[in-house]
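Below: a set of structures, written as structure tokens.
Presented sequentially are two complexes of chain A, the first with chain B as partner and the second with chain C.
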Partner chain A sequence: MKKINKINKVRVIVASIVLMFSIKSNAQIVKAEIRATGLTCSMCSNAINKQLKTLPEVVNVETDLNTNTFTVTLTEGNTLSPKVFKEKVEKAGFFIGTLVLTAKPETITQSTYILVNNNTANGTEIQFQVVDKGYVTEKEFKKLSKSYKNVETYASNNEDDFHIKILN
Partner chain B sequence: MLFKNQVKYFTALLILVALSMNAQIKVGDTIPSITLKSNSNSDVNTSSFKGKYVLVDFWASWCAPCRLGNKKLVKLHNEVSPDKIEIIGISIDTDINKWLKAIEKDKIKFTQLIDPKGFDANAALVFGVDELPSKYLFNPEGVLIAKNPTEEEIMKLIKE
Partner chain C sequence: MRKIILFLIAISSQNITSQELFVVTDPASNVPANSLAVNVMQSLFKEEMKSGYNYHFMPEVTYGLNKNIMFRASAFISNRSNQLVTEGGSFYTKYRFYSSDDLNSHFRMAAFGRYSFNNADIHQEQIEILGHNTGFEGGFVATKLIKKLAISSSVSFEKAFDNKPDYPFPDNMGDNATNYTLSFGKLMYPKKYTSYKQTNINVMLEFVGQTINENGKSYIDVVPAIQFIFNSQARLDLAYRQELLSSMVRSAPNGFYFNLYYTFFDLTK
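Let's look at the complex of A and B:
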């Protein structure tokens, strides 16, 4: 009897842990697609790849030579912020041209994310682009500043706020 | 026991990988001996050209600056006697057909080899290639005398 109780206790603990993690994992970035820009050909350098691979949360980095995109797959349950991709790309000597993230739907309910469009995705994963300064080209940022002049927070360029455009 | 051996093997492998990752050849180093397939499907060893200058050029068909560089190398190849310098292009293209097409398009007649694994290619790791194009000039004794020399610098160096 005692043994059964013990097993049940263990079960409860395991179940809570699983639940904890499953809640946490509903708010995470699953994949990042980065297009880098700079003075030289970004795909001709191994630097971005190397920088991204220094992150323990990075499972895999694939490069698409036709679209000049780095596709980064991330570990389950990671708590990475979009900021980390910008930092790594810049450390490699390049800039972000576009950053498209695939994430669990609850990710964007976090207060750091501010939606700039009304598209509401109903899938198991959402895809969105970060449109802040430093996450788009300079030219694009100027253009977007005009489009989003009604979004008060957009112009303030707060480093820890991410203005996002849902794509799916 | 078997497990112990596996651990040993794995450790050795890790050390090897770590070593090969850090190994970046420096001026004064000897040309690495790497055997790769050529565009005429023969095996060529990078260290088999001692007695003349050897220029190793890492490139890929999708690398625009490399393709511009190819033009200059073709010119150099036409201007300098093949007894004086051996030009070896090593592509890290993963698509062999794209590589072959690029060779044809750029009218390359000098030695062309391929290690089709991108920046993870063994040849790229051994030479320490972190960006494309990357050039290495070795003297007739097989010693590295310049990294990324321009065509003018190459001409000057091999005339000395």
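Let's look at the complex of A and C:
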């Protein structure tokens, strides 16, 4: 009996891994555009640049030093969540001002994404902004808290779900 | 051997918003997490009570544990006994507990603490645990960045102990003090960034003061500095420290600083 249980467990694990990967291949972030706050110097900007480049999923980081905007291109088939960009920028000692992600449309069908506007994008890629606390400036967050006061989950600031606004 | 180890410990660090990278004061910002910075600080101050110059060589290493906490170890080497002698060392830590950032600006606050040991003779009323006294210091620093200008201010309590084994702290001097600093830093060049390779130039003006709590004896110094940042990774400071006011005995208040910094980003890669 025990043996069968074990085998079943293994099967479930294998199946879920396979499932995870199959979902992920269609649901992925292709590109991230990060505008960082709290800095004006190239040395600080470089700290963020180096932090982003430690991610194996990062193919390339392009920086506009005058606006502190980092355009991050990601590998095919990656399973990154928006959280990782926040962590990296904060590790460098700064914060995210805006985070705009370009992704395959299936990405936002995952339960971790909650839409705050009704735009439905057509096309092979969608572009959306993460509007949660920590992904927008403090001022912007105060404003958004008022606009989204009827979105129940927004105020709870759950770190693992992402409220998104579709841009295209 | 001890010297070599201290030397290695001491080659030291930092990286923040460059306008905040003051020569004398540490800002409220920290080095990036998992990064190591090395700094070689040298100073040459003119002796007031005898002829010649007092040379200090101070290597430092700074490590960012996470986004809010950093550690620093320093070694103190000086020529006070006419040859270069390792006189002591220091441990420093800083915790950033408040940040409010916006596009191109921020306001941050941090608490810091330092413990130093030193075996040199005690030859002045000024308490300086960076290279002269054994003792500790604890305080707060607040830093505001507005576009290209950084303004930072700190207040701290500093207490000196005996410089063991040979030099007890003199009974006739106050052994604790309040320190205060006000620093300004401005990015002068470039006006517009084109790449990480561009050399940045910052100018700084710092005011550094101390009051001995027991007797009110004080000094205030001004430290103008020019700073070059190379390749967004290395930094060179040239600064001059000049006494503005003083009612205490100081052995060498006026002189030059020459600092070299290098940051090793993300060690875990």
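The working rule: the second predicted complex is superposed on the first by the 136 of 168 C-alpha atoms of A that agree within 3 Å, B and C clash if a C-alpha of one lies under 4 Å from a C-alpha of the other, contacts with A are read in each partner's own complex, and residues count from 1 in each chain.
Just so it is clear, contacts are C-beta pairs under 8 Å (C-beta built on N, C-alpha and C of every residue); 3 or more make two chains touch, one makes a residue touch a chain.
Note that the structure is a prediction, hence the values are computed from the model and not measured.
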| item | value |
| --- | --- |
| Contacts of A:N49 with chain B and chain C, given as first, second, both or neither | both |
| Touching partner for A:E90 - first (chain B), second (chain C), both, neither | second |
| Touching partner for A:A103 - first (chain B), second (chain C), both, neither | neither |
| Touched partner set for A:I126, first chain B, second chain C, both or neither | neither |
| First (chain B), second (chain C), both or neither touched by A:T40 | both |
| In the superposition, chain B vs chain C on chain A residues touched | C |
| First, second, both or neither for A:L65, with chain B first and chain C second | both |
| On chain A, the residue positions that both chain B and chain C contact, one per complex | 40-41, 43-47, 49-50, 63, 65 |
| Of chain A, residues touching chain B in the complex | 40-41, 43-47, 49-50, 63, 65 |
| In the complex with chain A, residue positions of chain B that touch it | 60, 62-66, 118-119, 129-133 |
| Parts of chain A lying in touch with chain C, wherever the complex brings them together | 35, 37-47, 49-51, 53-54, 63, 65-66, 68, 90-95, 97, 137-139 |
| Parts of chain C lying in touch with chain A, wherever the complex brings them together | 15-19, 29-35, 64, 66-67, 99-106, 145, 147-148, 187, 192-196, 198, 200, 229, 232-233, 235, 263, 265-266, 268-269 |
